[in-house]
Amino acid sequence: MSFSVAVAGASGYAGGEALRLLLGHPEARIGTLTAHANAGSALGEHHPHLRALADRVLQPTSAETLAGHDVVVLGLPHGASGEIAAQLDPGTIVLDLGADHRLTDAGAWAQFYGGDHAGSWPYGLPELLHAGETTATAQRAALVGATRIAVPGCNVTAVTLGLQPGIAAGVIEPGDLVAVLANGYSGAGKTLKPHLLASEALGSAQPYAVGGTHRHIPEIEQNLQVAGAGAVTISFTPTLVPMARGILATATARLVPGTSAAAVRAAWEAAYADEPFVHLLPVLPGGALQWPTTAATLGSNTALVQVVVDERAGRVVTVTAIDNLVKGTAGGALQSLNLALGLPETLGLTMNGVSP
Amino acid sequence: MSFSVAVAGASGYAGGEALRLLLGHPEARIGTLTAHANAGSALGEHHPHLRALADRVLQPTSAETLAGHDVVVLGLPHGASGEIAAQLDPGTIVLDLGADHRLTDAGAWAQFYGGDHAGSWPYGLPELLHAGETTATAQRAALVGATRIAVPGCNVTAVTLGLQPGIAAGVIEPGDLVAVLANGYSGAGKTLKPHLLASEALGSAQPYAVGGTHRHIPEIEQNLQVAGAGAVTISFTPTLVPMARGILATATARLVPGTSAAAVRAAWEAAYADEPFVHLLPVLPGGALQWPTTAATLGSNTALVQVVVDERAGRVVTVTAIDNLVKGTAGGALQSLNLALGLPETLGLTMNGVSP
Amino acid sequence: MSFSVAVAGASGYAGGEALRLLLGHPEARIGTLTAHANAGSALGEHHPHLRALADRVLQPTSAETLAGHDVVVLGLPHGASGEIAAQLDPGTIVLDLGADHRLTDAGAWAQFYGGDHAGSWPYGLPELLHAGETTATAQRAALVGATRIAVPGCNVTAVTLGLQPGIAAGVIEPGDLVAVLANGYSGAGKTLKPHLLASEALGSAQPYAVGGTHRHIPEIEQNLQVAGAGAVTISFTPTLVPMARGILATATARLVPGTSAAAVRAAWEAAYADEPFVHLLPVLPGGALQWPTTAATLGSNTALVQVVVDERAGRVVTVTAIDNLVKGTAGGALQSLNLALGLPETLGLTMNGVSP
Amino acid sequence: MSFSVAVAGASGYAGGEALRLLLGHPEARIGTLTAHANAGSALGEHHPHLRALADRVLQPTSAETLAGHDVVVLGLPHGASGEIAAQLDPGTIVLDLGADHRLTDAGAWAQFYGGDHAGSWPYGLPELLHAGETTATAQRAALVGATRIAVPGCNVTAVTLGLQPGIAAGVIEPGDLVAVLANGYSGAGKTLKPHLLASEALGSAQPYAVGGTHRHIPEIEQNLQVAGAGAVTISFTPTLVPMARGILATATARLVPGTSAAAVRAAWEAAYADEPFVHLLPVLPGGALQWPTTAATLGSNTALVQVVVDERAGRVVTVTAIDNLVKGTAGGALQSLNLALGLPETLGLTMNGVSP
């Protein structure tokens, strides 16, 4: 059940993390690595942490260099993956880490991304609840045997996992969601922009894409509609904080009037009791809730979730922590790939983070 | 117009910051410094950055050691300042950096703090809008000549400054506010707790006091009621992020239906156009908004504010950045003290941050 | 070839990291976990990142609770492991992550640690060169079949790996070494001390144990003597910098007069050409040297090394990066354990770091 | 005694810090601000922390735009300031924050910088000891009335202040110095380079300019020769660590044989006993030395110094902390400017840092 895999955009953060995880996957044979501006150089110049591949030379990104593999991982800017993917063999499993094939609604694509919609692919979030489900089976079924997989956005994964149990169980209202995220800088990629300099980041917190403009908004709404919501509206604000990795998503929703705190907790417990990578944190001895931290998820494919009812405010508050490059990108991709290939879903992935 | 000042709790972060600012105040003569467990040691052991006071020996905290000064600054745990303050001369100006005298409602005190309510003092937020005001004059008037001043909580200052223009102008609804904050660690004080260790903090984000339990909640509600709101409810979630100082508060409210984006911006512009320390950031050439960063406020008494309407979500989103120890604590205290003493409000305070 | 393993001190950073790595080791069956003050609580309260063991309850640390395993890992304060180890079955493989059994010289023990010397055990640094070797074989031989292993100090590992090729090859002088290290905070453990608070660490660098007092000094000298030095003296200064993990060790030695830069590079190349976990970084296209960063080693068992001759200063300068908790502690321990058990030396360990 | 001042390179970090300090100087009237690529934009876009100047528009950098001021501060890349300065009125006081006029030896310039040597100016380190001095008076005398001042390099200031008392007193040997520095990222400026991205910096330490190539080397040697050394050689290694500001310089020298620890301490005490901005930290009650931290110097013009003898290694170890942008750049410049103008040396400068 061994498979060969090529990675496009290998010198970027998403491509590099895909390689790190593939190096730990017992069935993966890493083939061609490609890059755009960095083609011709050794991978070790860009990812000195990937010792096992340090001497590999990057090829130019094209359908030709990527051909001939069982699996192709695309870590490309949005807009670029659609064109390449169209030229790859239909039997090749293509994992798109970018945004091109996530949205089902061409109108939402046009509004948030602009340009032509590349069409949607099976969506690589195995834990996505469908309306009426208490545990996620339909999305997993959609991924088995898939040859094209759209890997979710990192913020989307965090917010969806935080809120969907309440949507699916009908205990929170989808009409006035608010999410504010603390984000590590690797989510912004390697682009050289002044606000991404270390001097600007260290000791500071800064928001971006405030006010309903972030491209992950329609994708969150789409997911929660799959989970059973009717009209969804979400106020979504990411903030960069001084860490390299991690997303801590605080997402709140109005409690459906008359719902007990026990019913709320039961919804989250039911949704994630059997999930290998999504863990509702426990009530500690003494009665306090244990809350997620991003450090506890570093390098792992785990999402840590906690939920509480704020009776005074009439809101359910959820906090979800993930590693944006693992569960938020490359780990979620491998998990979906395992399903596509008929391998055990957790193969080659760890639930244990690197901490402190 | 020179005044003598004693600082209780001088070895803590709030007390230390008060001293740093007093050292830069042209009229302050620094007198007795007191501490609890650290009494008997030199200030330089606890605050090596306060070079000018390094050799000062800390006295025990008591009404006796604090007596005989024109001004006393109390940087004490809540519950401790009420008792001390009651023993100080009524003519002495007492600035309480702690919570004991902030809340006017004894019931809210009992619910969030427990124990007996020490009673409320004039509230040290000069920029606090009162109902019907477009610029803050009533609160300033309340501070002129005051001899007891309750300095606001740091998170309270950030959220109040972010939201109050919209409340006072009637363009946002007070009934379903949501605030999520990125907080530097100095806000948690010097207490030795495992989750405050550098190893746990570095590379991580972690929430605390989630779900309507944080003690700053009733104080925010109280302020917004002063600004003209009827019933206020706020979902409030602080998160610790890896920086020593700073608060970045993202606070949202439902837009009053039918309100234009221009009317929203006009409300914030009117409120802060003449404020020396609260600045609405501009629209940049090209049309993008400039957003606050905490680094830009480091060491200064400035609050940076920005506001935008998210039409899709039906919410106004505000982001406010402050230095929790300056505008959020000791700087706000000195600003109020200047008013109490009849000095220029900005004397000895800077609006310019230390950055990068 | 499966083995059972108990971990003492499981709630500490070293014990936790041993568990993280053991969870990824294909032959390890994790048995009893013990703690001192934290006995009785669940591991998940202390290490929320170790999801697979979150519900495990910690036992008290004693010879009885640790008995009956093939392997025991001791993550205890120095002084404690000697007593426990003496009571464990002689056939049990005991890995001491602490200092008790590292030094062969009782006088050095008395001078730097005080108290009775527990005696030395086979030293768990497989890559340690012995006099006359160009590649490390003698130390590996000493570990095969060992039932007691003293795991090196983290700083010691970094400095030894940086300097030993030059000592063994006779191209640097051992008489006036200088090492200055940038250290992450996890090396200081979980002890609650003021200077380890996040507020003190963030945005700051601070030295400790300056002036020849650090306990790792005699251990470095011992290693370099094994590598062929006569009298060794080293000026050694660690500095805490704001990162959770990692050591960047800058270690310099006087160049033996008349030695060419090529001969220096050849010594380091020969020493590490075949090492799975110690990598001399390359000369980049264009001629610049690639230098180690600690981030590139995070979570991996890799040491990255670079060396250059400063002709003007007459010194060889080496820089070595490791993850203090992996190659510097628990990873080095597992590597040695693999040798002791006759397993492949790299089994269950990765050379690829988690970055960015 | 009021003076007008123009700042060239105002959108960079050095220029911005000069402006921050000038805003706090009671005699400074800030005139023209210039930039290169950023000319035409408002200062607030680049330095949102400088609230008082946020609306100032940047002019192009030229002798014409800078003309007509009493003082001109040049925060330009090396090579650029020489040309501009030559066109400015001889009576204007010109402070060059760059390197062009620091070195007296044209050969050293050619070797480390290349190109033509612009010639040397009076050197802006008032505390620089001259041979035979125990306290610095000659350098101060050289600055009184000066109209051209070369502001020292930041690393140079830290290392010089650490080592010069021992050189001047003849208790350390200048022949085999070793300095390793932990550096904040602002020292690297605002240039967009991959290794300066936050994602690369956070959680990592990385060296640069290793092996005798850093341009600050000849400047350190020059200073220590002024202090009385004959031939100086120094091995100098800076390392970037995750903080925005600060230099922690660990600098060691061989102890002159037969020198007592008391004589060493006496040399440092004598040198800095009366210095307003250079403080030898004390021996704490109990006998331990207090060591510098960079956080304690943040935003201040203070250098904190400590020294100890390592008898075992035969070396004196010094640690010096400064804020690279203040004492290391703009603060040192203003201190020298005060001397040049005949103002009190400390006017408008603070010795108290912003901490935590």
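When the chains are written out, they are named A, B, C and D in that same order, and each has its own residue count from 1.
Heads up, the rule we're going with is that a residue touches a chain if its C-beta (ideal position, glycine included) is under 8 Å from a C-beta of that chain, and two chains touch if they have at least 3 such contacts.
Everything numeric here is computed off the predicted structure, so don't read it as measured data.
A.B. asks: If you average the Cα atoms per chain, which one ends up farthest from chain C?
C.D. replies: That would be chain B.
A.B. asks: Can you check which chain pair, B-C or A-C, has more C-beta pairs in contact?
C.D. replies: Between B-C and A-C, the larger count of C-beta pairs in contact belongs to A-C.
A.B. asks: Distance between chain A and chain C based on Cα centroids, please, to the nearest Å.
C.D. replies: Between these chains, centre-to-centre, one finds 35 Å.
A.B. asks: For chain B and chain C, what's the span in angstrom between their mean Cα positions?
C.D. replies: That pair's centroid distance is 46 Å.
A.B. asks: If you look at chain B, which of its residues touch at least two other chains?
C.D. replies: Only 13, 185-186, 199-200, 202-203, 242-245, 292-293, 295-296, 298, 356 qualify.
A.B. asks: Graph shape for the chains shown, where an edge means the two chains touch. Line, ring, star, complete, or other?
C.D. replies: Here the contact pattern is complete, since every chain touches every other one.
A.B. asks: Quick one: in the complex, what on chain C touches chain B?
C.D. replies: By the definition above, chain C touches chain B via 13, 184-186, 188, 190, 192-194, 196-204, 242-244.
A.B. asks: Write out the stretch or stretches of chain C touching chain D in their complex.
C.D. replies: 176, 178, 180, 182, 199-200, 202-208, 210-212, 217, 233-237, 239, 241-246, 248, 250, 252, 254, 289, 291-296, 298, 306, 308-315, 317, 319, 321, 356
A.B. asks: Give the list of chain B residues in touch with chain D in this complex.
C.D. replies: 13, 16, 20, 23-24, 41, 44-45, 47-52, 54, 185-186, 202-203, 244-245, 279, 281-282, 284-285, 290, 292-293, 295-300, 302, 304, 350-356
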